[in-house]
Amino acid sequence: MSLSVNSISKAFGGVVALNNVSFSVEQGSIFGLIGPNGAGKTTLFNIIAGVFRPTAGSILMNGAHLEHEPNYLRIDRSIARTFQNIKLFHNLTVLQNIVIGMHTKLRRPLIESFFHTKRWRAEEAMARERAMEMLTAFGLADRKDLPARSLPYGEQRILEMTRALVTESKVLLLDEPAAGLNNVESGRLVDFIRMIRDKMGRTILLVEHDMNVVMKVCEKLVVLDHGEKIAEGEPKDIQKNRNVIEAYLGRKFANETEC
Amino acid sequence: MYLLLQQLINGLAVGGIYALIAIGYTMVYGILFFVNFAHGDIYMLGAFCAFFVFTFLGIEVTGGAITVSQFLIALIPSMLACAALGVVIERFAYRPIRNGSRLSAMISALGASIFLSNAATYLFGSQTKPMPKLFAGKYFTVGSATISYIQTAVLIVSLILMILLHIFIKHTKLGKAIRAVSDDQRAAVLMGIDMDMVISATFAIGSALAGAAGIMVGVYYASIYPTMGGIAGIKAFTAAILGGIGNIPGAMLGGILLGIIESLGGAYISFGYRDAIAFVVLIIALCAMPTGILGKGRS
Amino acid sequence: MLGLRKIYTVLTLAILTFVFFGLTSSIDAAETITLGWYGPTSGAAAQDGQEGRAGAELAVELVNASGGINGKQLVMIYADDKSDPKEGANIATMFVSNKDIIGVVGPFNSSVILAAAPIFNRGKLCDIGWGVTSPLITTAGEYIYRVAPTDAWEADFISKWIADEGYKKVAFLYENTDYGVGMRDVIRKSLPGYGCEIVFEEPYVQGQTKDFGSIIASLKQAAPDAVFMGAIYNEAALLMTQARDLGFNAPFFGTDGFFSAGLLDLGGGAVEGARCCSAFFTETASPVVREFIDAYVKKFDRTPGNWAAQSYDGVIAYVEALKKSGASTREEVKKALDALGPFEGATGINEFDENGDVRKDLVKLVVKEGKFALYD
Amino acid sequence: MNDKSIALFENVVTKYGWLLFIIIIILVPRFVISDYVVHVLVLIALYTILAESLNVLVGFTGQFSLGHAGFWAVGAYIAALLMLRAGFSFWTACVVSMAAGYLAGLFLGIPSMRLKGDYLCIVTLGFGEIVRILAMNLEVTRGPMGLPGIPSPEIGEFVFDTEKSMYYLCWAAAFLTIYATGRMRHSKFGRALMSVRDDELAAVSLGVNIAYYKVHAFGIGGMFAGLAGALYASWTTFISPDVFQFSDSANIFCMMILGGLGTIAGPVLGAFLLAGLPELLRGFAEFRLIALGLLMIALMIYRPGGILGSYDTAGGVKKIRRRRIEREADTNVT
């Protein structure tokens, strides 16, 4: 399994958001994408997730070109994502949200639901069982019949993550998962992400502002600034990298902390 | 060739009227994101207001004629009455559900429309009422195309009202507040803009313009009836969408365009299919420009 | 808020109200004769519907004042069909299932009676249309009659009049309804038959078209000697005013759709010289018509229009039939109507033919000094 | 009543509620002697089919459609013409008109892929008007003269020409529609529709092909409306363009909303209310329409989700603001 980004550029009208960014994500790693505001992180994230088409460059997943594929095929390419501000199906129950996550797994046609065939019932039962399994694993089982809108913020985040996991996609794209969490919750988030990678063998690519979450959980980092890649490597090297400090804190500060 | 000129003139005059009503739809949509179906009926009540002002002034409505001054005397009170009616409808039918969904606001608007047209039928009787004519019988000709004074008057009055509105929206404090609220409700309220007042003002302006359109149609066609609001409402709503809903110049452009499309389509293809042609053009335009000609990415 | 209980109550309540509704039937059936009347008292043709209802109300009042029918008082049940065929079917079923009703007068729109006809035929209940003029109704069923003259007959009458006046090139404008289209199909044969040529033909949308500018422009190009309009008075008045405004002065011909005070109110000076025909005319000598007009003016203090007279005659047809035969059941009423022969009403001498259509003579009218006058 | 019991209420009532309702419907003709009441109940059955099928579009998929009478007209005219001109039996004509409704739905679904909200609403309104105007002007449909003498359905010798026979046929079709939409709601297809309604971007990220489901929602809506059209044509034996006006589309839309958007029982109750009530109030001619207008306003103020609505339409406008904020956050160029 390999996800590689090759010289991706993106311009909205005259504004160049990304300029020739390339990197690749090894299987099973937790990969971080960071950079100051307006660096192009979210745009790159949305290009990988299929929301935007890049102006130039390509994205390869196991050798297959993704950049011009419609966004609903990402799941078939084993890429799932979450959203910065939670996008749940508010009027559907917690269980229904998860079952929709298995949309591409369910094969039985509509007619069979009309005639209530055995095969259809078996598939629905399997889907419910699988969903319940995931819900119990993440402690939401007792909420299964509640509409998603009535869950507290933290649980909605977990529900969205569970829904992304139930798609059994190899790669999980997390869009600022720590947004709005206090440090206790972000601590639990770090263990959660590690558990997904270790127990479920998923590859994680996340975009995040919260530096202590990034430094604790990410194994490799790419830093973007003004749409260009200015650094790549282990978190501890990145902390000391001159360009990164300059990008975040400005040249004067970078010179003073000459290390 | 003159036939084409004649049709264009007819189209422009009708277009001016659609534009005036369409502005009401667009202004309300710009702020509350729902389509005020009762707007067509306010246009009808504007025409009836003018009818009562004329009878009150003792003008002979049956086949009579009025001077420009009498027209203006009737115009002002009708516009004010419609403005007041617009505010009242907003206050009772829409304010309670302002935080409800657009769907329930739309149904409430449909309900208000059914109520208004049937109440008017009950109060004023269903008969088609005669209205005095403005510039009766006077017309000037360009080649074989004849342009009646009233057609040009309708166009001129529509343009003047549109320009006045444009100036109002661009340069007055209330105008800026309306634009601010339509752009971002939350931010506008944070800036201390009184939402209720702005929304009432929007309804007042939109309804006043619809009232003006009503009185002009009254004197142009010299007849009014309680159910005239329905069809005109749908046409004006189509014009507002064509121009790009939520955008005032778009409503003006959409109205004029729809008027021309209808009259050309009616003349050159077939009068029976006139409305169908207008809708086909609308659908094609929308597929090409999903948010209307001047519409921003609002949908 | 919601509860199981509430759901059941709401759904079952809706059903039970109907069950109750169905069981009730009107109370005193013995001493009265009950007829049904329906027409568009609201909706697009509300004005003609309300005029028709006024005519029927007047008929009931006059009949009851003069001792009713064979000693029994006449009771009329009114219903509004909003010119909608679906409502027509509902009302027809309502009348058929109300056992007291032995005859029905109505409606105004041809499409409504066509929707109601199968129900009346099945229920063996006679229905006399007071405003339906489409030729289709001739074959709408044996229980369907009408007092309004058919478009075919009027279109032919006017075509002959146009030819006699020596106009050769004729333009025909018609509303896009069964009334207008019915007439178009007739005049396409009748006008050439009388030696006239149709130089221009165009439909418009009844009730919606307000701006006739483009039609008038095409009219001026076709330059006909006369214009024949299959239209009712509001669009006719509008078109004539706009035509005069735009300098088009050919004479206008119309059928009974023209004949209404509304044409004079809306048209004003522009309708001067417009010619039409009508079965009913106020300034006639016949005492019966005079009596109707005076009673109408006394009750509603406005002169009756064509549709008031037709609706009045619809009721009179039953009254005459019942007086002659003493009928009191639906079958007897059917036989009585077939055997009725000529009867005099507000629109002169009426007589049903074997299809239930009516034969009555038409009067030529012209607008002179803002009033309808006999055309000699 | 908190959210927990709403979910409980959903599945309990569906089992027993419908059973009781079916029994009542079957028994009614036994007690009711007046054809008029049976006639009105048949009309309510047809409106139920129309409101349920519109519910698939608006309640499930969140796509505004004010042109549903257009599909009804397509079904009615196709069935009538096939029976009158081509001598089809009612049953084949009915199947063909359902297919025609489905195709018309797909045809109208194409713009729905690009357009949203009020833009789509005006296109569907335009579709309804275009269908009516075509019926009004085409020679084959005899324009405003309409199509009289449409034969009634037959099975062997038994002819469905009485009110009671059509009552059972129409209510059977209505229950078929209710069953189909109910089953659909709990299937993968239904869940996909509802995910499109709640949040398109999230649905896409889970592999839901938005365009496919939007278009097919229109197709299914059109199919059942075509069924209602075929039944209506052979029930009244005469159809004309003025039977399928914009006011009818608005009427069907209101039935679905007043009953309860997105629920299954809602449209049924809405059909009873808006088709039944005016008949009850037939005595007070003008006032019934004035009362209807006020009823609609009042209901939207006190029951925004409709009488049976558990669908949180109250969150509607909040959703709008949230969606706009998200859009700004999602696509701001950082």
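Lettered A, B, C and D in written order, each chain numbered from 1.
Quick note on the criterion: a residue touches a chain if its C-beta (ideal position, glycine included) is under 8 Å from a C-beta of that chain, and two chains touch if they have at least 3 such contacts.
Treat the numbers as computed from the prediction; the structure is a model and nothing was measured.
Chains that touch both chain A and chain C: D. Distance from each chain's C-alpha mean to the overall C-alpha mean is smallest for D.
Distance from the chain A centre to the chain D centre is 40 Å, each centre being the mean of its Cα atoms.
Here the spacing of chain B and chain D, counted between their Cα centres, is 31 Å.
Chain centres here are Cα means. That of chain B falls 35 Å from that of chain C.
One simple way to say how far apart two chains are is to compare their mean CA positions; for chain A and chain B this gives 49 Å. Within chain A, no positions touching two or more other chains are listed.
Contact with two or more other chains is made by residues 6, 136-137, 286, 289, 315, 319 of chain D.
Multi-chain contact residues of chain B (touching two or more other chains) are listed as 118, 121, 270, 272, 275.
Contact between chains, using the touch rule, shows up for A-D, B-C, B-D, C-D. Chain B makes touch with chain C in their complex at residues 3, 6-7, 9-10, 13-14, 62-64, 118, 121, 125-128, 130, 133, 136-139, 141, 144-146, 148, 150-151, 217, 221-223, 225, 227, 231, 263, 266-267, 270-272, 274-275.
Within the complex, the chain A residues that touch chain D are 12, 15, 17, 37-43, 46, 49-51, 70-76, 80-81, 83-85, 87-93, 96, 99-101, 103-104, 106, 108, 110, 113-114, 116, 120, 124, 145-147, 149-150, 163-164, 167.
On chain B, the positions that touch chain D within their shared complex are 29, 33, 35, 92-93, 96-105, 107-108, 110-116, 118-119, 121-122, 184-186, 234, 237-238, 241, 245, 270, 272-273, 275-276, 279-280, 282-283, 286-287, 290-292, 299. The touching residues of chain C, counted against chain D in their complex, run 1-4, 7-8, 10-12, 14-15, 17-19, 21-23, 25, 41-42, 79-80, 83-86, 89-90, 93-94, 96-98, 111, 114-115, 117-118, 122-123, 134, 136, 140, 176-178, 180-182, 203. Every residue of chain C that touches chain B in the complex is listed here, in rising order: 41-44, 46-47, 49-50, 176, 202-205, 207-211, 213-215, 217-218, 220-221, 234, 237-238, 241-242, 244-247, 262, 264-270, 370.
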